[in-house]
Amino acid sequence: MTVLAVSTLLVLAGCATDEPATGASGSPSAGTGSGTGSGTGEQSKFFVRAEYDEQLALLDAAPAGPAGKPWEQALNPAMVETAKFRKPGPYKICFSNAGLNNPWRQVGFKTMQAEVDTHRGRISEFVHVDAEGKDQKQIADINDLLGKGCHALIVSPNTTATLTPAVEAACEKGLPVIVFDRGVDTTCPVTFINPIGGYGFGHVAAEFVTRKMKRGGKVLALRILPGVDVLETRWSAAKAAFDKAGVDVVGVEFTDGDPARTKKIVNDYIQRYGTIDGVWMDAGAVAGAAVEAFEDAGKPVPPINGEDQLDFLRLWKDKKLTAIAPTYPTYQWRTPIIAALKILDGERVPNPWKLPQPTITQDNLDEYLDPTMPPLHYAMCGCTDLPGYPGRWK
Amino acid sequence: MSGALSLPARRTPPGVFVALVLTLAIGWLVVTLDGGRLFSLPTTVSLLHVAAGLGLVAVGQTLVVVGGSLDLSVAYVVSLSTLVAAETMAGDDGALLPAIGLTLAVSATIGLVNGLLVTTARINPFIATVGVGLLLKGYLDNGYDGPAGKTAPALVQGLGYQRIGPVPLSFLLLLAVAAAAWFMLARTRFGHHLIAVGGDPELARLSGVRSNRVLVTAHVLCALCAGLAGVYLASRLGAGAPRVGTEGLYDLESIAAVVLGGTALAGGRGGVAGTVGGVLLLASVDAVFNQLEVDVFFKQVIRGVIIVAAVAVHARRAMRKAS
Amino acid sequence: MSGLLPSPLLALRGIGKSFLGVRVLDGVDLQVRPGEVHAVVGENGAGKSTLMKVVSGVHQPDEGTIEFAGAPRTFRSPREAQQAGIGTVYQELTLLPERTVAENVWLGREPLRRGLVDRRAMLGRTAELLASVGEGSLPPDTRVGRLGVAQQQVVEIVKALALDARLLIMDEPTAALADHEVGQLYALVRRLQEHGMGVLYVSHRLKEVFALSSRITVLKDGRAVTTLDTADTSADQLVRHMVGRELSSYYPDPAQPQELGPVRLTVRGGGNRKLRGIDLRLRAGEVLGVGGLQGSGRSALARALFGAAPFSTGQVTVDGAPVRLRSPRAAIRAGIAYVSEDRKGEGIVAGQSVLDNALLAGRAVRPGRLGRGARTARVRELLAAFELRAAGENQEIRFLSGGNQQKVVLARWLALAPRILLFDEPTRGIDVGAKSAIHDLVRRLARDGAAVLMVSSELPELLGMSDRIIVMRDGRIAGELAAGATEEDVVALAVGTEREAAG
Amino acid sequence: MRIARPLRLLRFRSGGLAPIIVILAVLLVLLTARQPDFLSPPSLMSFLGRSAPVVLLAAGQYFVIVSGELDLSVGSLVTAQVVIAARLIDGDPSAGWPVVVLLLAFGVAVGLVNGLVTTRLRVPSFITTLGMFLILVGAVYLWSDGAPKGGLSEEFRLLGRSAFEDVPALGRIPYALLLLLAAAALALVLTRSDFGRTLVAVGGNPRTAELSGVRVWRAKTLAFVLSGLAATLAAVLIGGYSGVSFQAGAGLEFGAITAAVLGGVALGGGRGSAVGAMLGALTLETLFTLMNFYGVSGALKPTVQGAIILIAVAAASFRFPSR
């Protein structure tokens, strides 16, 4: 496994840098309908084999950068020149945000604001525009921000493909553009920041469930909703893993992130198949509900994955679950600010800026489990050293 | 004879425009005091773009609402249209016209289904269109896991980003469509019949109006407008987006715009001009709050209040004139 | 007999129609000649309206043939009937208040120019038509909502004329008109007649029937009993054919002086948007008739007393105690009941059962009190006493005839034992038989000590029923007449010495 | 009459129970065909228990719809209630009951506002409750800035989650089911009460009702209050069943309305029965389970649901022509 990973890493390290922007997305045309396995259905049009292999390789790569500060670290960094963007401070930094419509983005944004506060001297103004999860609004927002004399533009795109034109337009204005979380289908931004990504997340979880579950067991896959690239990649990686291991995936259901719905679905599956031996999820939101469904049905909770949200971590510890929590760290919201300042100083920055993507396991569970934080807080926020902690995140 | 001695013969100008002017005036003041510029070029352009998308849908919605019906499936029609358009074009300018044609054909068909369900099958429009919406949602969820297709570059540069001064092409398209709709209501038999059907379907039938045919046509037109909105969004986004319609809340927002414009939800009274005003009002509120960086959720609260308040004012006027 | 005459304009042969298995029309034969006004009379539920709807294409007959202008026709929709040249003036007004006169008149067949609605032509022709019926003063671009009922009626007729119809169906055209307006209608109908138009005329008002028609067809239980030449027919004969019995006297005896009780209701200086300086006293045991033209404030007075459109000025007392009738509820609490002229719109809940309709007021005003059982029992008694004809107390009221619906409405009120009753056109659209039943009831209520105020646009009814008559004009009480007044007295007061236009 | 009424529901034309019973029966047959043990007491009990919230909402929605209005705010109200509860309780066991009382008060308040704005300010309830929807969602996000805070105590969650264990014959009876039965009984009593019948009259013909001494505004407002209360109970159950989440009430308003219409309640008012509405809700829940058991792909579920709804309602409206 590791051998293979390392080798693929060596093979792919080079070309990885060439096509950064296709980060978590990949373009539909690149879709490869790899063989359908047991009950997992068609492979997603978004599944890009190269991407997939690359991310799996990165899982085992060693990060460069200051230890203990994963948000400043980078995996296999390839630095780019930014001298032409050097400007004297203080700066006006503008941020076009896809939305604040879920706890992950909430925690992330608070973290970003805190990061900004740590640079009060150098950042005179931080403009934030919320696109409310609407592509067309974000396009308008970006266009709008271009008229505000920003020194740097940070974009967290709502959708990869559809935001590309707007971001390109922004690049043409000559100000440094920094993209994070989701990518865009263009190389024009100075850098694209995100953790390893969806394939890694989905793979780690699927691999864990497969390994811990009894041979030939039945797995239920719970997804939030279709059509969200980040989540699609998580599932497609899991699918690949399950198919490879010939796991019997009895169902792939959408929960809309609704716990009640989740419990009903799990309930029905338990009744239909007598028992479910493993649960895979593309996001932690409804992990608690799934666990409860098993309890209410008087069944043991099978190997399951969640995310780094505290309610799940707490449940995990209290109920002594066989569980794992791959993460999509919220600390990535700090990096764009750091990057922006570096760029405006003309310092070289990695592009793409691949952040490490730690996984919470039984061994390190306790170090992330802070009982004082609210249930929907994300443990991987890297915010404990920021001003206003913990109050700001409560 | 309830209506005895009510509104004067001349239509009173929709109060929404008053509200619009006030909003812009106050907004401008506040934004300026806040050190921003409400009417800067980019802001204006953004405002008009937001208005264009919603406006196209709302104009269509006006037609069905005036006819006493309702279309809650528009959001999905919009999403589907972006996909049909973008996938057919596949980035090729040559395929531009066929693609648009196909898109409009598809949406028209959906409108036809809506219309038939409401008229022939006598299903309440609310349920009928929600049902059709679900059908489409299933198709989209099942068939697409993200943006697909590629809009023809010509369309992107043209409809998507081309503008004359501060006015985007798309907004001109909206104005054109609105004018056409207005003309239709005022000067064609169909228009007269539609308003009559909205006022009292049985009465219209007794007067020899083919009520069903009229209402079906209205639904087709509504869906066509949604289709156009889809084409526009495709040109904006450069690709088809399976969730863009629902993300934009086009179903409820369009109805909100329509009633803001003074069109009676019960049908039989109202017009396109008001709707355009309503759309601009909503867009302006958006723009102002954007400039002030007001919290989205607070904005949503305000929107809710505005919509209810505006309709309350309309109702009050009507009442005062009626009593 | 009519066989000798030239080909009829309309010939119905063996028309039959059933709804939900109920036979509404049964082998009806009927002929209308060009230039003939052919009256169709019969009790409610006799099938008159259904027959008209068959001719105008709203319903399709189950059996029988329709021959129009010499050719057998089947009308699948009103549109087809209209295109053939059959215009209809319906019983209820069929106008859109939000639209202008012209838009209403031309609805369904707007004149086109280059494919577009020709506004100018529309307004122009409407103006002509209005002029031709002597309403030239009425601007065609007025919104119908602003017109009075009488003017709306004119628009109705103009709407039918605009078809250049060769046959005009008039179903209760005068239902909403005051007597002198009816006069205008007569003139109009005669004018149409002269142009060789055939008119199929449905009415309850025998007076009109005799004044207008050349022949009368009597419908009874869905059958055409007979067709008579108006010239050699008397009212009593006609009524006999309709109800199958001789009508002794039309109206019950008025109250004797000793029957009059204390003053129940007084109004001093009552006024609101439609009324000014209303002073009146209403005594127990008397029937106070209220006359006047449409829109003169007749109905407004009743509605004001009932709190539906309350007085904004003045004092009202009930049994000597001052009361404020700000809402129907308040009025009902004060022992007042009101039977609206618009039964369909304000009298019944079409979709609810007979019982629910009869219990409505009681439930609303005295919930719980006098136990539900007792209340229901009381209502059942009343319905029985009125000889209600229905499939059962759980039948939806919309399936009942107008007369029976009115009985349910009365039961609703009488169950509350009101001391003051306000009737607005209590017998509108009700057949002769039920009419006199209701007249008797009104009088009986008065005898039992209730104070009755009765608005009526039918002069015979007004004169026949009232112990006293007040006549309204322009929202004022123009004058009061004692029993024994003549129609001329009433009209004189209603119109005023200077003859104003109706409205 | 007491015996006559249920008969009438079946005998008379619109708003009859016959169609929904048939549909439900068919679905149950299909369900047991695939999953024989579904009707076994334990599974049936838990099914009924978890369906309780939606059924409650449908019952609440019945009162609003039959009075001629519409309540689009229930979904957002459920969410709001759950989030509020979580924040107020914040895991504190003792807080349970006081908070429930507070929630009920809030539910009543929201109902009152909906009702009064609709009746007094003459705003169409579609708009009023749409506005309330926006306001509640916005406000609740604003208040908890974006992520629910605190958490529900196990004690609070008992009601929605736990049951009387090892009951003879039935095995376990969820508390939720008991609450539902109680509420359903109450709803039934209400529909047969003077208020219930008057409410139908209000929906059937407000003018007549008004002129018969009914305080129409009061009756309708009460209907909205009942809907608000139902939503509150539903919120308590949902919160108990599956814990706190912003998704708690998402889409429930459409579910409830659809359920009511499926159950023969006529949008526009004046026809239908609470029983029908509740059966309608049960039917939708059965459909949902059916699809899980038949392994309908998650993405396709909306399509199936939409199709079934359209077919069912169309069939009903054909057998029972609505005027």
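In this document, chain identifiers A, B, C and D correspond to the written order of the chains, with residue numbering beginning at 1 in each.
Note that in this section a contact is a pair of C-beta atoms (placed from the backbone, for glycine too) under 8 Å apart; a residue touches a chain by one contact, two chains touch by 3 or more.
Predicted, not measured: the structure shown is a model, and the values here were computed from it.
*Asks:* With contacts counted as defined, which of the two, B-D or B-C, has more C-beta pairs across the interface?
*Replies:* B-D
*Asks:* Can you name the chain that lies farthest from chain D, using the mean of each chain's Cα atoms as its centre?
*Replies:* The chain farthest from chain D, judged by C-alpha centres, is C.
*Asks:* Approximately how many whole Å separate the CA-defined centres of chain B and chain D?
*Replies:* Each chain's C-alpha centroid was found; their separation is 30 Å.
*Asks:* Quick check: how many Å separate the C-alpha centres of chain B and chain C?
*Replies:* 44
*Asks:* Indicate the whole-number Å distance between the mean C-alpha point of chain A and the mean C-alpha point of chain D.
*Replies:* Inter-chain centre distance comes to 37 Å.
*Asks:* Do you know which chain B residues sit against two or more other chains?
*Replies:* Within chain B, residues 2, 141-142, 296 contact more than one other chain.
*Asks:* For chain D, give me the residues that contact two or more of the other chains.
*Replies:* 145-146, 207, 297-299, 301
*Asks:* Can you tell me which residues of chain C touch two or more of the remaining chains?
*Replies:* 345
*Asks:* What are all the chain pairs that meet the touch criterion?
*Replies:* Every touching chain pair, ordered by label, is A-B, A-D, B-C, B-D, C-D.
*Asks:* Looking at the complex, which residues from chain B come into contact with chain A?
*Replies:* 40-43, 45-47, 49-50, 53, 140-142, 144-149, 156, 160-161, 233, 236-239, 241-244, 247-248, 286, 290, 293, 296
*Asks:* Under the stated contact criterion, what part of chain B meets chain D in this complex?
*Replies:* 2, 117, 121-124, 126-128, 130-135, 137-139, 141-142, 252, 255-256, 259, 265-266, 295-301, 303-305, 307-308, 311-312, 315-316, 318-319
*Asks:* Looking at the complex, which residues from chain D come into contact with chain B?
*Replies:* Against chain B, chain D makes touches at 70, 117, 121-124, 126-128, 130-135, 137-139, 141-142, 145-146, 207, 254, 257-258, 261, 266-268, 297-307, 309-310, 313-314, 317-318, 321-322.
*Asks:* Spell out the residues on chain C that touch chain B in their complex, using ranges where they run on.
*Replies:* 58, 77-79, 82-83, 88, 90, 93-100, 103, 107-110, 112, 115-117, 119, 139, 141-149, 152, 159, 273, 342, 345
*Asks:* Which chain C residues qualify as touching chain D in the complex?
*Replies:* Against chain D, the touching part of chain C is residues 306, 308, 327-329, 332-333, 338, 340, 345-353, 355-357, 359-361, 363-365, 367-368, 372, 376, 393-394, 396, 412.
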